[in-house]
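Listed next: structures, encoded as structure tokens.
Both complexes below contain chain A, partnered by chain B and then by chain C.
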Partner chain A sequence: MNRQKLKTILLISFCIAGFSFSCKDPVTVDEGYEAPNPPAEVNQRNLITVEFYSRLNEETLFQNNESELVVNRISSITSPLAYLFDRSDAVMGQTSPVVEIGWQTQTKSFFVQNTLSDSYVQGTGMIVRPIVNVFEGASIPDTLFIGGCTLMAPLGNPVTVTLMTCKLDHKMQFPALVNILGDGLNTNKLVIGTVKQHISEDMKHFLKHHLKYFRLSFHETGLEGRTHQLFILTPINFIGREVLSATVGTLPMYQCKIEYLKTLIY
Partner chain B sequence: MNKMNLRSLFLSLVLITISAVSFAQTTELNVMTFNLRFGELASLEDMAAYINEQQPDLVALQECDWKTNRERAPKQSGKAFVNELAYHTGMFGIYGKAIDYRGGYYGVGILSKYPVVRSERVFLPNPRPKKEQRVMLITEIELPDKSIVSFISTHLEVSSETIRQKQIKFINKKIKKIKTPVILAGDLNAVPESKEIMTGFSRWFNATDTVFTYSTMKPAIKIDYIYGYPNKLFGLIKTEVDTNCVLSDHFPVFSVIRVNNK
Partner chain C sequence: MVYKIASYKKRLFFAFFLILLAYLTSDAQTLSIRVMSMNMKEGGKLANFNAETYSACIREYNPDVVVFQEMDNFTTRNGNKDLLSEMAVKLGMFPYYGKAFTYASGDFGNAILSKYPFYNARTLISQPSGAVEMRAYSWIDLVLPNKRKVRIAVTHLDVSSDDQVRISMLATINSNILTDNKLPTLLIGDFNATPDAETMNYARFKWQDIGEGTANTISSSNPTKRIDYVMGYPKSWIKKGYEVVCYPGLSDHCFIVADIEHP
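Take a look at the complex of A and B:
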């Protein structure tokens, strides 16, 4: 083999190597996190039930004293771990609907704001039965509010969970959400909230590429005039199994069933 | 100095003043602390009406029951004090359990006109020989100007100076980790001249005077306080002990304070 031939072979080899290297590019593209499949069978003993009341739009939840039926329900059906009231807004200096429900049902009431002004606060009320020692929350003014209670879920074996809620209206909230949750999805933080319909796909995409060890599910409700979608975000050792739509009086309610999967599968 | 230089100097001064004003934002808060004596001497409705009249922004409550059945306060049986007061005052209420008591709980509470971003009940040191477990309830409150202040309600050990000192030392250690201005209010069970107050709160802003707060029947000592930390962020507009209020065995204490929160 003369020198010229050797040069040609080497050149072709480099070209092939370079070409195959560039062809491998798509393989290195980050496809994001995909949670492993959960067990097919649901373990009823490990189900947490949370009732989420929401009109899934921009309207306030309580418009005509609908809280009375909710009070009756909370007093009579005690199995849910918590009750969340999306857009149960508060006026400063006036008893907020969730404080009133807490008073009437002798339960603990909390409030997670979405916005704040001098006199009116949009937000989500939260009612729980047990005494709560820690109310976790984070506030990035004008960006994101997220909050919730650390509770002992009375499952087969009691499990400590932090049940949180937030309302997502803008894509710019996603980095803040990930930032706040941090490694939270390894520490039993369950988030049930609403996201504007037209950004739900963006949320899915963003979390897939910026968060790990999580499960995210959206729930179609068929409710007319809705602008928001209900979502359940959990660590991988939990899964949103089912969301049942119902009404309490005229209030739309979604019964969210979240299963605790004992075995961590990474 | 020529005209051009004078103009630049003037412009710079204006800009510095504007930026100083915008960064040094202050908020006025009407803060109240009130030991309720587990509602033995008045109804919760009367207490709520009284609180409403004062229009406080933040209230620290001590000796709060949660669904107890006390022989000494039969009218309050089964009542969740913080829920009752929050409902009747239109404020948000947070409860911090200290101990199990008579079928319910006994502890401290907080009422806030503004939303609570987070809260935490923290046990205070209780070394041997053990006394009644005491707690501090820490909340973060979002104010309308979007700044956050931490508001703490506490009730310290009554009979042991040594334990009180340990509890105050613990509080001082804890609040150093808090990044927002801190307002602490409560029944500290120590007089202003005591070692624990003199040394334990030497770096705090004292937002109260020396008027006696206990007891309402025979006022003889001051044991209820409102403090701010760090010292330099606070100013006092006015403070008052309402010696006409006999809804409890403690007088309520008020301070209108200025918080430099930006």
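Take a look at the complex of A and C:
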């Protein structure tokens, strides 16, 4: 084979290779789920308010009889759909702070545990006004505890929601969370909880690639010494619009406003 | 060849070790629980709706879970109070109220107190044709400190003279409590039926009468009939202790305190 022939063969091979590569489907990068933008205007008639009490750290919430002021507040301000008390831990056989608040305010109390023990249980208390026929949750010891009440939210048109809470301290909890929520995001499951600060970006990334039709927002607070971040996870027909920081006595409280957007926008 | 056999034996031993380890670390511990059943007789009327009186009785037996029938919630009859939550505060337990119907400006139904937090709770109501009134059945799912899970349900079947009404209620309960349920389950309460009644024959198709052959439960001053039960599903519960205790000053029914296990 002379030199010229070899050149021609090489050139043709190169062209064929180039052509075949250029005709391949473009490589697609899975960017995960992105919720569509919500309406710019907030419909005040469709806002659900939930008060979330939390120190956003590893400390127990009630340390010095702070519950008295909370009792006064719940008795006088009745507009929130529910009141959540992160780390309102309970000692077995002793009065749980959230049960006491429920009794004193003539409301109903629930407790979503976060640890398992026969003596001291960490968890989040929940106070609601009506009698609840469905308190729904999951308990996967050593992995994830999540739970909440099914309630009728008194909006423009009443809407049934399941208001849930959980505490996320490890990345390994994310798959369990997604499994539990599953299609729940299509059945009005709203989750208000806390996630350890250093894994909040991982949470965002994981949900983006393993869940659909949801909205997730994190809320920055100026609280010193915090280790956790507050998050609101809703189906796309809801959106966490605003979180207002306040204190009740010395207890940090976050007033979460979630809007029901009525129509599903996929 | 000798080397290969030795290696095979090593692998086999390792696999056996892993299986043993998995077995030892699995949730193989026995489910052991003390339950108590209390019919409150018109919301606690006999003890003047006094939370401490009932709490003292419960404290004496230190149960893990107490189920109540005929519990009032903010009725004019009970002085507009939440007796269940008040008892929960006194006993350091977690309350769940299941409403059957509206009564005396408040609610009437069943209730549960649990020493451990529960992660699921439901109340459903039923009033089959011929029933005297609407009745509720409620249940909670809880995980015990040894990681064993259990479902505990309370019911108060209708007082109608017709067994078919109670059977119909039980059929509804079975379909709602047992369908897709893998947890060992207890159904406790006032069945308004003696052991030889058709209602209990039907109940025993699915459920184990854990207190079979134990004492009568009504009336509390002169017990002549057994109509309160602790029923178990599946039928593999083990009775470790079963007491029928009577307090005529608290209720017309005797109460049940049962120590039971599920392997």
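Definition applied: the second predicted complex is superposed on the first by the 239 of 266 C-alpha atoms of A that agree within 3 Å, B and C clash if a C-alpha of one lies under 4 Å from a C-alpha of the other, contacts with A are read in each partner's own complex, and residues count from 1 in each chain.
Here, a residue touches a chain if its C-beta (ideal position, glycine included) is under 8 Å from a C-beta of that chain, and two chains touch if they have at least 3 such contacts.
Just so it is clear, the structure is predicted and the values come from calculations on it, not from any experiment.
Superposition note: with chain A as the common reference, chain B and chain C are in steric clash. Looking at the shared chain after the overlay, A:W103 reaches both chain B and chain C.
Once chain A of one complex is fitted onto chain A of the other, the partner contacts of A:G147 extend to both chain B and chain C.
In the superposed pair of complexes, A:Y120 makes contact with neither chain B nor chain C. Legend: residue contacts after superposition of the two complexes on their common chain; A:G93 is shown touching both chain B and chain C. In the superposed pair of complexes, A:I131 makes contact with chain B and with chain C alike. Across the superposed pair, chain B and chain C both touch chain A at residues 90, 92-96, 99-100, 102-103, 106, 108-111, 113, 116-118, 121, 123, 131, 133-139, 141, 145, 147.
On the chain C side of its complex with chain A, the touching residues are 73-74, 82, 85-86, 88-99, 107, 115-124, 141, 143, 145, 147, 149.
By the touch criterion stated above, chain A contacts chain C in their complex at residues 90-96, 99-100, 102-103, 106, 108-113, 116-118, 121, 123, 131-139, 141, 145, 147. Partner chain B is touched in their complex by these residues of chain A: 90, 92-96, 99-100, 102-103, 106, 108-111, 113, 116-118, 121, 123, 131, 133-139, 141-142, 145, 147. Chain B makes touch with chain A in their complex at residues 66-67, 78, 80, 83-84, 86-88, 90-97, 105, 113-121, 140, 142, 144, 146, 148.
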